[in-house]
Amino acid sequence: MSIPEAAKATETATPFLSVNNIEVVYDHVILVLKGVSLDVPRGGIVALLGANGAGKTTTLKAVSNLLHSERGEVTKGSILFDSVEVQSLSPNELVRRGCIQVMEGRRCFAHLTVEENLLTGAFTRVDGKSAIAEDLERVYGYFPRLRERRGSTAGYTSGGEQQMCAIGRALMSRPKMILLDEPSMGLAPQIVEEIFEIVKDLNVRENVTFLLAEQNTNMALKYARHGYILENGRVVMDGEARALAANEDVKEFYLGIAGDKRKSFRDVKHYKRRKRWLA
Amino acid sequence: MGQFLEVLIGGLMSGVLYSLVALGFVLIFKASGVFNFAQGAMVLLAGLALVRSLDLLVANGFPLWVAIVLGIGFAAVIMAITAWLIERFVIGPLVNQDGLTLFMSTIGVTFILEGAAQMIFGSGSYPLRLFPTDAWFLFENLFPGGILVNKLDVWGGFIAGVLVAGLAIFFQRTKTGRALRAVADDHMAAQSVGIPIGWIWFVVWLVAGLVALVAATVWGTKLGVQFSITFLALKALPVLIIGGLTSVPGAIVGGLIVGAGEKLAEVFLGSHIGGGIEYWFAYVLALAVLLVRPQGLFGERIIERI
Amino acid sequence: MRMPDTSEILLQVEGVSLAFGGVKALRDVSLDIRKGEIRAIIGPNGAGKTSMLNVINGFYHPNRGAITFKGRTRAQMQPFEASRGGIARTFQNVALFKGMSALDNIMAGRTLKMRRGLLWQMLRYGPALAEEIEHRHRVEEIIDFLEIEPIRKVPVARLPYGLQKRVELGRALAMEPDLLLLDEPMAGMNLEEKKDMSRFIIDVNDHYGTTIALIEHDMAVVMDLSHRVVVLDHGVKIADGTPDEVKNNQAVIEAYLGVAH
Amino acid sequence: SPAAAQNEQFIPILSYRTGAYAVNGVPYANGVADYYNLVNERDGGINGVKLLVEECETGYATDKGVECYERLKGKGPTGAAFINPLSTGITFALTEKTATDKIPIITMGYGRADSKNGAVFAYNFPLLGTYWSAADIAVQHIAKEVGGFDKLKGKKISLLYHDSPYGKEPIPMLQVLAKKYGFEFTPIPVTHPGVEQKSQWLSIRQNRPDYVLVWGWGVMNGTAVKEAAAVAYPRDKMIGVWWSGAEPDVEPAGDQAVGYKALMLQHGAGKFPVHADIEKHVYAKGKGASEPGKIGEVLYNRGMVNAMLGVEAIRKAQEKFGKKPLTGEQVRWGLENLNLTDARIKELGFEGMLKPIKISCSDHEGARDGRVQQWDGKGWKVISDWYTANQSETEPLVEEVSAKYAADKKIQPRDCSKES
Amino acid sequence: MLYREAGQFKTTYAEDMAIFPIRQDRMALAILLGIAFIGVPLLADFDIWPFGSDYLLRAILLPFLILALAAIGVNILVGYCGQISLGSGAFMAIGAYSAYKLGTGVHIPLAWLGFAISIPPLPVLLSILLGGLAAAVVGILFGVPSLRIKGLYLAVATLAAQFFFDWVFLRVSWFTNYAPSGSVSAPTLDFFGLNVGTPIERYMLCLIFVTVFAFLAKNLVRGNLGRQWMAIRDMDIAAELIGIRPLYAKLTAFAVSSFIIGVAGALWAFVYLGSWEPLAFSIDRSLQLLFMVIIGGLGSIMGAFVGAAFILILPILLNRIPSELGVPLSTETITHLEFIIFGSLICYLLIKEPHGFARLISIGKEKLRLWPFPY
């Protein structure tokens, strides 16, 4: 797939988001990120890859400044969003400035209906009711299933419906930058495609920047322009998405292609000891 | 018959007075999932601030109505400051913690408020006379002695009605109302969509403080403003859970049920088994209601999904 | 691919319908699960897959229909019947006991198998201790099998999502079930982890002969692992058959797969 | 200096200036503190032995009271002279402990009524009147109002009481009296702290008792008066015990309290010569505990009387044991031999507040006199003559209950005829 | 380097499952028990400050031990099983009054049947334990609604027990042996012919009770039943689906918890107060116990001790500081200040560590383990 020229042109020298060598500690004793740096150019799509527990979610939470309510803190390094130090902004101020996070694990407001959930996403907006109603329509357009279930209490909807609801809710804030944490989780294949199409669409048409943590490496590298690979709280590899996709190790461990052929899940060997990059 | 009616009406009315206190609980619970143990202490603080400033103003020669307006204003400012302090230093830093921790922190707040309120405003009993406290005797031609209705109770009922109507509108389908409920469901997700939790909580605690002030005017007239007013919280609890922790109108309905139930029980049952049963009767009533509806009459359904 | 050698039916669901108010989660669905097979349930979001599992293990009670498990037919399952009868499951939104360590979570899965009463446990001496140790052995085998030794004593709330899923599988395995229901066991995992998980599932199926019902959105996994696949859409069963049959079924492609995989 | 510190008599004050009952606890504690202060400031102590006083806040809670007692009982060179818990609950909890620790427990106008019997309760001193005496006096007054004891027959008397040992104490006595005089007696409990009495008063409105006795404390009293007004029950048919007859009990009710009556533990409100001394020696030096305007209120005066009796007991004991700090056991002797005559009372500046009091081994109450006062909207007015509780009515009950206590606790009662 | 399990190899599961698998922890516990069982009595015996006066024993250690025991009981229900209860005071009262009745002889005249049930006064130890049993039975009864009612709703509903039993013991004079004031006093404390009277004897008695029950409780919570309780607490639906019976788990939690609380209540009445009334077991006591458990740390036996110390002893200390320092403040001001400071400390602690002291301690240990590195 080709990188849209228009988007590329808007990329400027100063990155939209830059994470500089941050260290994150939970509960004062659990060191999770051990110096992570990454840049997200304005109008870019950057994928954050890595195994379970590598620290993807933690990185995103550090960016949206939600760590302290999980008893985590950034002990070193700095994060600049649009040239402003993130640590000095409250989470809602960040949203106001256009940086919103879709949290992992479909954190919908269980007692609100699907539609109310979507509307809370528009809380920071001041551009009037009709603009919000328009966007609501747009989200229903993306996810027709949500329209069907608009009046249902979100807590009772299915896992996938909740995931759509969480993504739709973030879209409702008309963000400039979206931090997507595992958007494809629990979604049917078509919807996964749909989500990545939305990402591409918003990126191209509205110049929305994306940082996405994703396990579906295949998809992520297809749509992203840059990728970072996290292991154990460190960035072990980064580069152009295409270059990463061509890397032998990435192919083997993340794309499951060895010798250019996908192996059946039935035939996988039982890895007792996995190969890891050394940081 | 006359007595039955009288007890029933009296019970309904006094139940509504409890609703005034219960409302404060509902507000904060609805907006942050915090069970605010400090509501009783807030009534005390509001009452003391009001009555002490009122006394001071009257003593300094202000006409009564001016003094009342200024006094209420002063008490409201005190409640605003309290709300700000609580948000800034207690509840704010505890965002995203579980319910029991938050509950415990409001107990800390209770201690602080009780200590500070009495230290600043005094720990005596201060009479407050904002509403008439005598009674009407209705239907005197129908029943010997008539049916007694306290004027204060009627005032209390009226005020509670107005409050509930106002708050119900506030919560219903306004943007802020929706945000409040979202915060109660999930602090962190609410933060992530840009709801300014700090500000929201300040507003809610302020409104709860003002509701406490209103409760203090009524109860202060009834009891005098004094420490014992904090015990109202205990009487408000059964009201609260019968109506449902999250329902504003539920607070009123709960009040009516508890008030009528416990007074009738005390008068007609208590005399046979030794009296003093109304405290536990209210709770047993609540227990019975919960067995049928575990979320109270109007509470939000407890979601069970896996 | 090796098919299970028996065709004995372990569980049969017949004509099950389930509605919540106006929402019809399941409409007259019938399916069977044969002993020893891996049975996949797929379908678009909100199709009723999770509801189906909930019906099978008694958390939801269908409005209509019958469930036959191990030869006994009933209108609805009760949770305790299901668990005692040997049905274990994992959940779509990880439902671990957050305050407990991974080890304790898995040990909790052995509740049904532990016999010593309150007084013995209080003394934790003699038979009680022996029982505890015996079950610990079994649990350690599972831990070993799932390769989660290093996180044994970590409170599960601290674990990353993927490991939580694995612990949850461990808990279900600890019940030594005859029928294992897995609700999206691989959601949120990368390829390597999916491979591990697949390996576990196959091993459980092969070595212990455990029958498995599996919900999964990753078609590659489903097609590779399962012996038979049932497809739901809007609460209706639209296809049932071997992976290859289902893959090429036009209705399925339209409702779920989109482009052919 | 250490030498001076050796010549001090330690007296603990258990008070409650906070919590639900602070409104009544504060003036009382002020009276106590001011009087001790007066003795130090005016007289330089008792015969040169300075009083060392420490207050401890109980909040009217039993376990806190126990903690305060343990904290303070050993202080000073000789330990606490006596203890004065001002709570019936704490009194019950301490009764046994004080006996083992040999520290007298003074419960002036409260405490357990049977502890009047000094033969069994060697260390308890329910001075000036127990609740059984109070019940007797109240019935005497009612009899007088209705025109004689024979008129009591068929009358309805209700007792509105604080649902605690304090409130329940008078019940057995009133039952005895009801049987004797043939009135109908109904106890009506009010749950602690007494903020809600609507149903009680609606019942009273229906039953129309001829009199309502009020055995309340703190907010319960004021609420009772207001609820009575609301159901139009005549205030002058209400008679409070002496703990339900102080300014904080009626002032919040304003005009509605006019006519309300209460027993007096001998004294009432008002200022007497001793108050002048207090103003001169304590308040003029800025050492007063109270707001000056509240000196002379009922509970303040009661605190003073209480403190005075303790001081006089120490003085009495010094006669026997020497002018030095005394142990609790020695003070107990002083209490048991206390004999305040009219002349001595006048000397102390309490003339008009107290009648003579004489304590003995078998009588730890010392006096059982009372009057009735009535609130006129501004102040309390004494409206009756002195009544003396009828011992032939109270004594059998005292004997019965204290004997049971002695049996339970395996106490061998003293033979009072052999005590000096 | 001081606190590290490295090198302490465990070769059996039994070793791994010990209460304190780490040697340093075991040593700390041994020292603590040594001080409690030997040090304190020795010091008291030789009249060495501060144990010379009864104060520390009678006003601090005795209530501390008994309330810590009650807190363990509450913790089983609230901390381990997740059923918030505000009725603990009532169960203490049931323990106390049942023990009192059994200790003074039960007599139930069944006039209409023509005979009476009479039980002679039972030995004190037996009455206390049976008092606990009575509390357990009532606990099970009041536990039944928990199958339907959850969370805060349950908490408020348990107040029904609190107020009901307050009332029962005030009103039903049979329980107080018809004492006119409704206040009763404990029988003499005879244990197998040994009279427990002095403060140090009482202290040892309570200490033995607390140690034994803490040990038994610890065994329970780390065994199968404990896991069932925690499973119910953390996610009741999932627990049910893996075969845990909510009925059994919840009711055993109510029973065990009420039993321990009941025993503590009997001790509180018999050993600490000596003479009591229902107010000694009021809602304030229930709340106090709940505070102890939350502050100490939900789901931690040790937390119950630390929480009890914090909630019970801190206010006393705060109250004493001014007079010890000789600061001239009125008791009123001192008490108000005590409230303010105490409240602030609660808030501060929670903000520093929302999971209470138990978590604070475990983080401390983890830090020690990493020492001298920060993480």
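Order as written gives the chain letters A, B, C, D and E; numbering starts at 1 within each chain.
Keep this in mind: a contact is a pair of C-beta atoms (placed from the backbone, for glycine too) under 8 Å apart; a residue touches a chain by one contact, two chains touch by 3 or more.
Worth saying up front: this structure is predicted, and the values here are computed from it rather than measured.
Colleague: Would you mind naming the chains that touch chain A and likewise touch chain C?
Modeller: Chains touching both chain A and chain C: B, E.
Colleague: Could you let me know which interface, A-E or B-C, is made of more C-beta pairs in contact?
Modeller: Of B-C and A-E, more C-beta pairs in contact link A-E.
Colleague: Provide the C-alpha centroid distance between chain C and chain D, rounded to the nearest whole angstrom.
Modeller: 74
Colleague: Based only on mean CA positions, could you tell me how far chain D sits from chain E in angstrom?
Modeller: Chain centroid spacing, chain D to chain E, equals 36 Å.
Colleague: On a C-alpha centroid basis, what's the spacing between chain A and chain B, in Å?
Modeller: 44
Colleague: Please report how many Å separate the Cα centroid of chain C from that of chain E, as a whole number.
Modeller: About 41 Å separates the centre of chain C from that of chain E.
Colleague: Return the residues of chain E touching two or more other chains; collapse runs of consecutive numbers into ranges.
Modeller: In chain E, residues 170-171, 237-238, 241, 332, 335-336, 339, 354 touch at least two other chains, as defined above.
Colleague: Taking each residue of chain C in turn, which ones touch at least two of the other chains?
Modeller: Where chain C meets two or more other chains at a single residue, that happens at 59, 91-93, 95.
Colleague: Mind pulling the residue numbers of chain B that touch at least two other chains?
Modeller: Answer for chain B, listing residues that touch two or more other chains: 118, 123, 274-276, 279, 306.
Colleague: Can you list every touching chain pair?
Modeller: A-B, A-C, A-E, B-C, B-D, B-E, C-E, D-E
Colleague: Taking the touch rule as given, give the residues of chain C at its contact with chain A in the complex, in rising order.
Modeller: Of all residues in chain C, those touching chain A are 1, 20, 23, 43-47, 49-51, 92-93, 147, 158-163, 184, 187-196, 198-199, 202, 217, 219-221, 224-225, 256-258, 261.
Colleague: What part of chain E is in contact with chain D in the complex they form?
Modeller: Per the stated touch rule, the residues are 53-55, 58-60, 63, 104, 170-171, 180-183, 185, 187-188, 272-277, 279-280, 282, 284, 316, 319-320, 323, 330-332, 334-336, 339.
Colleague: Would you pull the chain A residues touching chain B in the complex into a rising list?
Modeller: 64, 66, 69-70, 90-92, 94-96, 100-103, 107-112, 116-117, 119-121, 123-124, 153, 155-156, 169-170, 173
Colleague: Taking the touch rule as given, give the residues of chain A at its contact with chain E in the complex, in rising order.
Modeller: 25, 27-31, 71
Colleague: Note which residues of chain B are touching chain C in the complex, please.
Modeller: 306
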